[in-house]
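Across the two complexes that follow, subunit A remains constant while its partner is subunit B and subsequently subunit C.
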Partner chain A sequence: MTYSAKLIDHYENPRNVGALDKGDPTVGTGLVGAPACGDVMKLQIKVGRDGVIEDAKFKTFGCGSAIASSSLATEWIKGKSIDEAETIKNTDIAQQLSLPPVKIHCSVLAEDAIKAAIRDYREKNGQAAAPAAEAAAR
Partner chain B sequence: MNANSKPSEAMNSTTDFRGKNAPAEPIYLDYQATTPTDPRVVDAMLPYFTQKFGNPHSRNHAHGWDAEAAVENARRQVASIIKADEREVVFTSGATESNNLAIKGVMRFHKDRRNHMITLVTEHKCVLDSARHLEMEGVDVTYLPVQQNGLVDLAVLKAAITDKTALVSIMAVNNEIGVIQPLAEIGKICRERGVHFHTDAAQAVGKIPLDVNAMNIDLMSISGHKVYGPKGIGALYVRRKPRVRLEALIHGGGQERGLRSGTLPTPLCVGLGEACAIAEREMAAEAERLRYLRDRLLKGISDALPETYVNGDLEQRIPGNLNISFAYVEGEGLMMGIKNLAVSSGSACTSASREPSYVLRALGVEEELAHTSLRFGFGRFTTEQDIDIAVENVVSAVRRLRSMSPLWEMAQEGIDIKSIKWAEH
Partner chain C sequence: MTEAAGGDSGAPHACWSCHGPITAAALFCHVCGAVQPPRPLDAFARLGFPGRFEVDAAEIDKRYRGLQQRLHPDRFTKRSPRERAIAESQAMSLNDAYETLKDPLKRAALLLERAGRSSPIGENRTIQDPALLMEAMEVREALAAATDLAAVEAIGKRAAAEDRRCIEALGAAFGAGELDKASRQLTALKYWRKLAEEIRGRRAAIAHGAG
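The block that comes next holds the complex of A and B.
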């Protein structure tokens, strides 16, 4: 399979690999996928008082497209408010990385990971999720 | 993926036809997928494209006679490596056709009286698909499981044979994990019960000693391109005494004793014959060399990396295969990290089903580990340096990918990944 230069760059030089403290109330953690399906993404956000994502980290078990999708996701959400981050669509990620059709699920997983991290942050901080976001996560 | 055998290079150099000035080509470690044609084989084939182009079935002139003599010599060479009589060798287009002919041919001939056949769940797709096709024609097929080491349980095989069984089809060597089935024992059981024994020996010929008589094998499929011969040629051994009856799949001029009509491709037959002759001469020494390389690869990887697992029996195995699971690192992601090595993966992240290898699943390898497996296949043109580069690349890629794997992180923290409720997707 041939991959785009952008995808290969994210695979070879992934941005924001690492972990944030799960116990920190300003950190939201999303863990999506399943080992039996061949991909698992853990994406974490650290949110400032103004609701802006100050930092994001990820770790991914999966193919090159899954790694690149999660790397790109962390890059995009850093500096955005959580409400903005929530609007990122898998199709944006797929397009940016020129994912081949059989790899679209990797971008879906990255979108899910962003949403799961935001949901976790909100639950920790007693905020109800925005109704629209809830619906989109389904 | 790029194979390493550009024909022009093959002819330019006999020492390193992979081309020393072509460093961009990945090191080829996928010898179970295919092998490069040995330059000696190419040399033997070339005259039969041009000067000696005759139709081997033409009886009226020297062109035909020359071609026929070449084909019959090749038939003897093929017969010799499996200790058969040359009259028992039928040329085909490859092991897929041989397997189709053996399985469909025998079952269609016998199914009015005996309509049952037995095979293994770990067989090559062309055996399994032929069996599936026969099921639609009313044949009963038993798909036997294998043990954790990949080998058939002989007691289970014995118990599965009934008085309706016409055929047992069990591969000699598995293409993914390289394990060698106990052919002589299977043959003995089949002979005692009066059941035909077919073996798909595509991965075995030239790798391990085979003797159709000592092993009581009635039909054997042979591939050209797995034994450093050309693609597009194979053979089926069909026993004469006691005679094995089968129906042809391809009808026409009645060549190959009516079992496989069509003009024989003289250059390809010559290539298969020469490939067998070379393999027969060099097999013992080559097996020893490959075992050394295999041990070196395995030691290099397992000394440097914890939690790596060899899939399939390590003793009952051809020396040119290693199939290893690298826990917590997905196979396809790993392949991308070792792009100067041409290997294949047991993960199937690209296929629509996203199911990992059915062979590994049949051994009881859990899905999450099956997704982390790589197959290393090496052979005649693999050097010690290739193996050392492979070890170095694999070790550093696995370390890097583990450092960014959430599963590895959980394992280090002592979290059992099975205790987590994963959302299947």
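The block that comes next holds the complex of A and C.
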């Protein structure tokens, strides 16, 4: 199996690795897992007053594709409004990294992590979750 | 045909050689003696055990060895290539069934499947169970931070204890028919097994001085 240069770059030089303060009300934390491979992914966003994501951090224990997917996800959502970030689809991530079919679930995990972080932020700030947030594939 | 009972072990199949009726789990035709190909049976039905989480490991070993003996290649040296191939595929199916029944993780997944549930540890499934994932994240972080064998062994001991605890909890949950609980314990067990795998890698890295 050959991996794309973009995927290898994100795996070898992951962007935005780290953590934000979970207790901060402007921080939303998403924690998701893929039991089939035992992966666990934490993605956090720091949201400004204008609803724009100022910072994003992640920590992923999993395969290279899972790490690359979450790295790309944090890169993409920084500077976007939470409403925009919420529209990112796993297929966008999979396409950008040219994920092989057996690794598509890694991009699903990243999409779920973004949505979970946004949901956590909204719950903390008393906003109702957008209906689309519950549409995650089973 | 219902799959709930693990396949159609009672329904007759036709022997490929003499076309006589035989049961799904039969290794040989009782009329002409021809070896039979594996029929679609799950692990419990193939080895003739009831679909329960609690199993008698020694009895599984005994039954498995008895069946494999009858399919040993030495017994088929004078048979046709077709019969040798059938015996071989039957032996492989028995291997799969044996491995499933012997492994609590696979056994639990099969029991949930039998109950009409999709496996919680199946491909493409993502979960958002905060308590379970937070614990998984914490121990993986501790393992990544462990620089000497003693620290790795301490995490290994915990993983082994949690593994045993999950298996006990699976037994209790299946015994009580609490499938949601069983499903969650199976997911937890999968994560502890993954940790054990990572521990082996970490141990090897430290042993080779990669710290």
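Going forward, the second predicted complex is superposed on the first by the 130 of 138 C-alpha atoms of A that agree within 3 Å, B and C clash if a C-alpha of one lies under 4 Å from a C-alpha of the other, contacts with A are read in each partner's own complex, and residues count from 1 in each chain.
Criterion: contacts are C-beta pairs under 8 Å (C-beta built on N, C-alpha and C of every residue); 3 or more make two chains touch, one makes a residue touch a chain.
It should be emphasised that the depicted structure is a prediction, and the values quoted were computed from it without experimental measurement.
In the superposition on chain A, A:40 makes contact with both subunit B and subunit C.
In the superposition on chain A, A:32 contacts both subunit B and subunit C. By the touch criterion defined above, A:61 lies against subunit B and subunit C together after alignment on the C-alpha atoms of chain A.
When the two complexes are overlaid on their common chain A, residue A:104 makes contact with subunit C while staying clear of subunit B. Using the contact criterion defined above for the overlaid structures, shared-chain residue A:52 touches neither subunit B nor subunit C, since it reaches no partner. In the superposed model, more residues of subunit A are touched by B than by the other of subunit B and subunit C.
Overlap of the subunit B and subunit C contact sets on subunit A: residues 31-38, 40, 42, 59, 61, 105, 109.
On subunit A, the positions that touch subunit C within their shared complex are 31-38, 40, 42, 59, 61, 104-105, 108-109, 112, 116, 136-138.
Residues of subunit B touching subunit A in their complex: 328-330, 332-333, 336-337, 347-352, 354, 356, 366-368, 371, 403-409, 417, 420, 422-425. Here subunit A touches subunit B in the complex through residues 1, 3, 11, 14, 17, 19, 31-42, 58-64, 66-67, 102-103, 105, 109, going by the rule given at the top.
Interface of subunit C with subunit A (complex): residues 120-130, 132-134, 136-137, 140-141, 144, 187, 190-191, 193-195, 197-198.
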